[in-house]
Each structure stands twice: as C-alpha cells, then as structure tokens.
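Remarks on the structure that follows.
Here the chain labels run A, B, C and D in written order, and each chain numbers its own residues starting at 1.
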C-alpha cells in the first residue's frame, strides 16, 4: 500500500528502473484543467539525469505519454495515467549487483523484506521512480497557480559546507534555473559546481540541503491533528530517495532561541489582513497555513553510488569487495530540486481539494 | 480526516482541552494482548503537566478509562476506546483568549479555517490532545516488546545550547527517568534543569531536541515508496505540537560528509546476519528497517505560551497587546519524550501488522 | 481497520454490548453546524430496543453524551465524540453463551478469527454497535437538510410476505412514525404488527425489507469508478447486522424487463432541468446522482435470537443443545429503519463533502 | 479518489474507452508469485466483447502488457502495472453521442459533475474500464488458489425469466465455460442463447443474474464492523457497470422464512471442524467467513445501449430523438461473469493479506 500518496489529489506511482517503464496514476485531478504532455515534460527534463556536466552522464530522454484522463487538451476529472518507457539497457553493467549488496542502498533490505528484487539499476528503489512524482507535481503546480497564484520554488541551499545566500521571499524560477547547480546565489553556485566536478573526478559524491518556498498559499490549508500541513510535507519529502532530514521555518536552529525571541507577533497589514511580523513558524501554525510564505529545508545525504572499492556482502551471506566502476552521479541535489517542489505541490494540492472539493476548486 | 493515524494499527484521537474529555480509539489492535488501564496510566503520567517543578504547574491527574475492546484483561481485536475526562476549570482564566490571538499558537489559523474555535486553553490544538496518542503508544510499545523485544526509548538530547552526551545504543529507560528533565547525561541534566528554572522565572521558555532510539526492530518493516519507515515516522513526529524539524541517522550533519565517508559498509556478524559497520542510515535503508538501531531526532521550538507582553491582534482585526499572565510551561521537552516514543511506536506497530497481519502477529 | 466508514465525513464506532459503553467519533463534520445531544437522542430513541410492544423488551435508555467537537452548541470542525454508557446487566443471563455458539450469530466466527470474544450479549457484533452509526447519521441528516434540503426517509416495506403499498416520492416521516412497525401503509401495518406479536409469542422471529428514499439529492454526487454512490450505499447497508440483500432502483425485478422497457428516457422539465421520465435507475446513473429520488431496498433476515431449542456446538468442539430462553426481539425491522437511514445519510454526506470540501459546504 | 479499491491488495484502474489505453496498478501483491501476461490474458479474453455470437460484435483483442512489478516471471512485491492499448476507432461513429445523452447511461451525470466528458464510446464509464479489474482479479485468484486452494467460480444463473439449475457447491469452471452464455445448466443455456439472439435481432437487450461461489475460503476473513466480508463484496460488485442488486446466502428470499427455519444449526464434522448444517448465511457470519461456501448473486439490468429510437435531450438542454443505430451488446451477462469473479477475488485477497500480511501470505 506504500505506493500511493495523498487523499483527494492522490497519486500512485509504479515501475522499476528496468522493465517496461515507470509512471503514475493521478486520481482526483479537477476537471477542465488545460494540460499537455509538453508542460509535464518541462519538469521531467529538470529531473532527468544527464542534463548537465555535473549530473550522471546516463542519457535518459524520459519522454512521457499521457494515457488517460485528458481529452482535447483538458482534464476529465478521471485518472490521469502517465507513462515513461524504460530504455533497453545493457544489463551486464549491473551483473555484479545481482549478488553484491551496494552499501547504503536498498538492495539488502528489499531482499530481507521480499526475498526477491529487480537488481538491475536499483529496481523500484531507483531515483527513476520519482519520474511519476515529478510528472504529477507538474499538474499540481498548475492547479495551485490557477486557483491562487501559488508559486512553489525550490533551490539548492547548500552543497556540503558551501551555503548560498538566497532570499526565499523574492527568489525566482529564472534565478534558480540560471545555473546548472540550481543555486540562485551565482557566486556560490560556481564554487558548488567546482566542488561537485572535483568530487566526481575522484569517484566520490557530496550531499547538501534543498530549500523550498511556497508563496501565496491561501490561509486555512492543513488538517489538524495528524494531517498537519508540515507533517504531510515532511512525509512527502522524507519519502524521497537519499533524504535524511526535514525542517520547517526556524527548524533546528529555532531551538537555540527563547520563546520571546521565537514567537511571531501579529499585526494588521494595509489590506486588513492578519499577518505575522516575523515568520519563524514557516507559514504554518497549528498545522494550518497562515498565509505567510511556507519555507522548508530537506537534507540529502551524499549519493551512495560511488566509484570506489567498498567492503560489502553477497546475498549468500559472504563478505566481499564491491568494485567501484561505471557511471555515477556525484551530486543529486540539482535534480532533487524538482522532486522537492513536486512533493510540496502535491501536499498543497491535496489540502486545497479537501478544502474546496475536487469539482469546485477551479 | 486529519484525526486518524496509521492503517492497520490505526488511532483516532478526539477532544479539546475543555469540554467532556479527550481520548482515542485504537482500531486493529491484535487480540489476546494483556493490557490494563494501569499500564497505560504509567505512560500518561510521564506526559502529564505538573509532574515536576520544571513543567507547567497545572495539576491534571489525567486518569484514563478503557471504554471498550478489552475483556477480562485481554484485548478483543475490536476497537479500544480510552477516555480521559477534562476537569472543570475556571474558564475566566482564558477570557482574553476569546478575542486575542496568542502569537505562534493556532488561534488565528483555526479561526481562518473553521470560522469558530474552542478558545478555552487552546481547544483542539492543545497539547492535551496528545493524551490519546500516548495512551495508544503504550499499547503499541507493549505489542512491539512482546513480538520482538523491541525497545523504543526517547530522551532529551539538547535544551537550547546544552547538549547531553548519550549513547543511543545502550541508554536505558531507567537512565532517562532518573531525572526530571529526562536527559540521561546526569551532569548535563542538572544544567538543563537550572536553565529551565531560570527561564521559567523570567516568564520565558526554551526548546531543544529529543532523540529517540528503537532497538531490536526486525528487518523488513517499512513500505516503499511513500510509506517508507522514516517518512511515516517523520509525519508522526512532525504532527506533534511545537515540532519544527526531524532527522534520521546522520541527518543534516551527514550532508557534510562525502559518499565514501557516509556509506555504511556491510559485514557478516557472528550469527551470520548481514550487518552494517556504521549506522549513518539510522537503521533504515530504502525505507525498510535493516535490523540496526533506528535513531532519530526531533526539534521542538520554545513553548509559545510565555508570561511576557506581546503585540498581537484580535479576531475583529484590531491590533492590541496580549498581557503575559497566568501559568506557563517553560520547557515542553521532558513531556515531549513520551510523545515522540508514542509516535515512533505507533508507526513501527502499524508496519509490523502490515507485515504479519492483525491476528497473526502475537 | 474495519471500524471506520467514510472518507471526508468519516465515522469510527467503538464498544461492545457490555463493558464501559458504545459510541462514535465523527471526523470531518463541517464547522458551525448547530447540534445538540437532544437532536441526536431523537434518532437514538427510534433505534432503541423496548420502544414498543413488538420490539425486544430490554429497557435501554441509551442516553448519549457529546464528549468533544461541539462548543456553545455549534460544531468546531474537530472530531465529535459521542458516548452512550452501557448499563450494569446481570451477565449470568448470558452464561450459556460463554461456551455455546448461537446459530447464525457471530460467536463462532469471532472465536475463529480472534481466539477470544466478549460473549456477553454478542459483544462487538451486537446491534448495540449501531448506536454510533445512528448518532452520526443524525448529524449527517442535519447537514444534508441544511445544504440542500435533502430528506432521507426509510420505512418497513415488507414483513415476511406482508408487503405495504408506499409511494417513496411522497411518503413523510410522520406517516412512517404513525405506527410502531414503521410501515406507512396503515392497513398493512396492522397485519404486520399482528404477525410480529404472534411470531414473538411462539418464540420465533420474522424478517423483511426496509425501503429508503433520499429526495432532493443534488446532481453530481458519487465518484466513479469504485466509489459509485450505489456501491458505497450497498457497503453501508450490507454492513448492518442481519442484512442479506440490497437493491437500487429497479433492482432484481428490473432484470425481467428488456432494455427498451428499462431505459429512463430524458426530458426537459419546466425549470429547464434535465430529468428522466421514469426512475428505474433509482436516482443514480454511472455511479453519480442525477437529481431524481434515490430509492433502495435492504433485506433483513429473521432475527437469529429465538426462544426455541437448537442444535449447536461448544467452543470446545462438542455438539450440544442451546436452550431457547430469555428475551428476544421477534422482528428487528422497525428498529432497522433508522439504521438504514443513517447509512444512506452518511454516504451522501461523505460525497457532499468530497464535492464541496469540509469547510465550504455549509 | 474513487478509482482505487482495496487496502492491502489495492488496485487503481485508469483509462477511457478511447485514448491511449486502459489498465490497472496493483499495489500490495505478495512477492515471488509466478505470473505471466498469458495467464492474465486468459481472463481478459473471457471479458472481451466479440468472443461469441451473442456478445457485441466489436473486435477488441485487448492484449495486455505488464509494465512493472514482475521480474523474471515472478512478482517483486512492488506495484504491478498492466496496460491494454486502445485501438484507433472511427470516432465519427460516436458523433451523435457528443451532444445527445444516451438514456440510462452516464453521459448526463458526468456532464453534471465534471462539466466535461470523453463522449467517445462512454469514456470512463465504459465497461472497458473493467479490463483493469479483471486483470487484477486474475492475479488475486492465483494468490487465493496458492494460499488455500480457494476457487472463485461465477456463472449466469438467470437471463430475464430463464433460470438455470446449478449447484454452487459442485459447479466447475469447465461446466461454466462449456457454452457461450456461461450457464452450467446446458438445457437452459440453449434457451438463453436463443432468447439473447432473438432479442439482439430486435435491437433490444436483456439482463439477468450472475451467481458466484467461493469455495475453500479459510475461516476468519472479514473485518467487523464496516468491512464485513459481504459489505466489501457488495461494494465491489455494485460498482460494476449495470449492476442493480446484490444478495448473499438466502438473500431476499430468506426474508420469507422464520428464524427457526432460517438459522444455520452447527455440528462437528468428521475432521472435528465446526460446520453448519445449512448455509443460509452464505458462508459469512458477523461479517467473517465461517469456512462454508460463500454464495452470492448480482442483478444486472438489460444493457442500456439498444438499436431503437428513444426520447432524450442534448447537452444544451433541448429535447430530441436518439436514433438507435450501430453495434450493441444484447446481453452483458456472459461477460459479467469474470467481472463478478474478479471483484469477489479482490475482496478475498485483500482480507487474506490483512490476516496474514503481504510478505508472509505465500
């Protein structure tokens, strides 16, 4: 049951990295939304490996096909199924993976749970699974934009110890996309790229932090008690491959403040709206959006696939050495940006539909 | 729909801080488990305000009653309903709260969403709601212990900038409960208590970090893709009042390492089990437990209720001053420990039942 | 997980016939609905045993208490928990039930599934469980009435072979409540009462058919494909104790017609609305309400509890005789009427909220 | 959210009759089950139009492709996605359908709900949607067979007023498949075929009743209270196109008996098993399987598509005449047999997994 996310705007992803293909079924999309495969493809291309010199050199075109739910360019309110075919790949590249567990991958746990796994390229645990999420996220973003001009923008905040200076309240998609590392701080971005390239040449990898902001979110989204908006977002982003931490608003750093320093005082703005002077709450109070910008951060560990020898064991229970060879992605962060955006957009869209109903929201 | 958590071991909490009472319905509990109100009460007493000099002085006895699902001391497999009555309280203490929004509380967002709220003592957004969670968590813990000797132990890791030194692999419940701040580092605990008392006297509050470990978790729990074990835990703890951040294993700090430094190499232990040399994964790989200790941390902001004047607004849209008076809890962390344990236990128990089925697990 | 029904308007019932009490938690109720325990009590009294000479003589007052979710007479949007205490009863009445399985009851299957059961008075499988449903149904009915003037009216259509003549398009609650058997055909009702009394004196029981109509249902409720309105209603009423069959519109009899005879032709009414000339569809087409009256029937078997000797077995696997003694209800149909109404109202309310959202519907 | 069915064995169907294709994602399938597209195709061919002279002459090959979840002939425990491509069809056949609502179809209600529909061939409301159900049902049946030798066998019990004589306790698949109408009573089957052919020549249609038996179902499946086995089955089959009624065991006819006549007395069989002498309960008591054969019936109305002129209206609100032309299926019953079997198997498999867990059941 773990392959479905959301309640009213609900996605189910499917597919292994090898086999027929990967994709998603989106149930609950409001009817009469204009949507095209091309729009979805734009987001998939941001997620795609091989899009720049600092990502994995695997050439995947990841062309999507809409199988259902859209008629004459508009959504029907019925399930939208999107398929991306897998390419024929030389699976002998992966022969070693059939028997040796890659450290910090899911090989061993899948075997423990299921007693079987598609060992080619990671199978279901491959980041390729996120294609379905990003495709669905493209639709969620469009709904959010149409209903309330909501913008969901992610960017690389930090690579290892290189942290960019970015204002989440004003950052634009253009700034994010202006460089291949997706850090809107141009000067820092250059150093990040240099670090990633150097690490990649060594066969090693680095991680970092993606920050994401959602602006213009209407007040009132989020269901106490368990389906608090930040709880649902936390689940969404912590279900992304390689994520190890989440924080909203002031996050872990906020624990260093006292209550009087941390509280967000209220005021009435020029439009008569109740607003907060500061935004340590990160746009959510009591689990419900308060109209301020929702700001969150996700920690991604350094990619587990590296070109270095590592001690490991076989599925027969024998200790062995995994030779580090073949292609690897020295840093997943730039490609993780659209993934984080997708999960945030999916959660917001789900709660928007809980609030307004599927057929009444647009 | 936001008041239900879990799928096979599923809890639904109810109740405001004022009114008839608060409680929980637990659906899916395995039959024939011996359980008593007394056992549940032990955990509720750990959560209770007024249990020590450093928590809120409100005297709540929080005595629980099991209304259903238990017969002659054993669970029936039917819903277990647990009720804790509210006390008659002088609601005039709260009169100001009827019109003035308390900063960084849920007053304003509840009004924005529902157009109505029980303004006495926080209503549904009160931490009193967690009584139901902790009661259910007591049962979840017992199931986990019986099935696989699983131990779920939380403790205060940090208060503001005072961080205790604790080994999650060996810490015991006795050590946690040996002092009122629930930090097993005795020396640090004293300084924490002093800080909390001093902050409380100033009418201010502090936050910090709770760390939690689950030991002896069987391999194979957790459902990829969205219901990864860490994703479900993240949702659970991020739905607790005042939580602002979550991390598993190496967490945010892990992003400062390179791949070769971060990866957990495998070996075969003396029992022929596949194990990892290090545990930066935090006991979960690919969303599935790998048999190592599950270790996680939760950031709690400083309590929003303080005894200081703050700028705020009324529900009529007028700016005003909220006088800081009355009782307050200078630090929620010691009481948050059983809450975090409960959420972790609930997630593990849910996945245990997915794996083994409700009636076959015990 | 079987104790929860609905998605956006979601109820969870709890409680055995003996023990602390029975009740319900209603999650998703729209805020600002005026509701009182008295209004709910009206429906509970229609469900109550002992309300007339033809029902079981057990005197249960079934007084309900609202524990949460209502403040100053209005719903908060938070979970509404309703509790009805059980009475102290002389459980020695039931001693035989501890070891002997009552034919066509749930005693044996509960033991097979759970290995334990509360054998006093049926435990969880007792019709007393429906108290929670009827209480929740009272609220659902009020929402439906306020939003769209929807009326949900059930009545006894048939007892054994005595079938009343009732027009579902015009029948009123007053007509239903005008006699104790709840059949609006007064002449037939008298014969039904006579049959039930005579059967009861013989220690035997009879069953029959409840018909239910929902009028003024807005067009567009119901989610294809699996959550068709009639599918959700079917699940709801088939989950009532003793129900053995369900039909909508033309039902089983409709299979005797040909297509040209069965099809509901369309016309435009005086308000310009698309209407159907006939209503063999029963108000639902393609799983979605079409604005015509929703008409359905539910078959209830004769009550399994009778005052006659029957062959049975013990929980130790020995054949034995169950002496028919004590009190019994010769016909559950009059009390089943509010149960059927409740399930229909709950389904309609759930779909109404899916359509309009929880906070926007009122 | 209406396109998903089941909890632990959970299917999501997608697709309109025209467009890219139709299919299903099956989440929760146990790992290591041997399955092939060929096995699934067998069931799809039983559902396919054009398989005999008495079904619709549309030639659909409905060849399925497994896109994911199967590796080297075995299931992985990950989602199984199955796709059947739609054929290019001359949509001008359907031009009239773009504006005129077909009586007793879903055209008008889809427009009322969504404001848009794929009017080609019924779109999402087409019986073509059941391809996904039948494909998933093929897998569910195989699991049931492997785990407990469960057999799920459906057949045509009645066409209009022609009722076959069939013993559900002994009927075989071979008998069902021995004639094109799928009625194991050979003599009656001939008369049914004659009736269907004659009706079809007149451009008219007939309905009837499908009976289905599940044998060797283990005791203990089914979750009281709302997820009673018969309630879940009722929902499943009442969500099939054209179904108007459901009954289990004695059904509507059982209401004509008295309690003493209807009750199923218990005895101990030669293996020491608790059994019932009669089976008016239909294999389920208190919502839980009792080990006896589960027997149920589903009423299907005469097909709405006929070749006769009918009064109708346009989507612009004007009255008009729908010319009856083109192809039509005079009786859906033979093709409904595998659909009913699929829904019954899906429900049983879901409850089997709740009982045993996904990874432990095989």
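We take it that contacts are C-beta pairs under 8 Å (C-beta built on N, C-alpha and C of every residue); 3 or more make two chains touch, one makes a residue touch a chain.
Protein identities per chain, from UniProt: A, B, C, D = Chorismate synthase.
Predicted model, so just to flag it, every value in this text is computed and none were measured.
Annotation: the chain A:chain B pair of sequence copies touches via predominantly the same residues, more than half of the used numbers being shared.
Remark: among chain pairs A-D and C-D, C-D carries the greater number of C-beta contacts. Centroid distances from chain A, each centroid being the mean of CA atoms, peak for C.
Centre-to-centre, using mean CA coordinates, chain B is 45 Å away from chain D.
Annotation: 26 Å between the Cα-based centres of chain C and chain D. One simple way to say how far apart two chains are is to compare their mean CA positions; for chain A and chain D this gives 38 Å.
Touching two or more other chains at once are residues 1-4, 7-8, 13, 78, 113, 124, 220, 224, 354, 359 of chain B.
With chains as nodes and touching pairs as edges, the resulting graph is complete, every pair of chains being joined. Here chain D touches chain B in the complex through residues 7-8, 78, 220, 224, 353-360, going by the rule given at the top. Within the complex formed with chain A, the chain D residues making contact are 1-4, 7-8, 10, 12-16, 19-23, 25, 27-28, 31-32, 65-71, 74-81, 83, 113-118, 123-124, 359. Residue ranges of chain A in contact with chain B, taken from their complex: 1-5, 7, 13, 101, 103-110, 112-113, 124-125, 129, 158, 160-161, 199, 204-209, 219-220, 222-228, 230-232, 234-236, 238-239, 244-252, 254-268, 272, 274, 276-277, 280-282, 284-291, 299-306, 308, 310-313, 317-319, 354.
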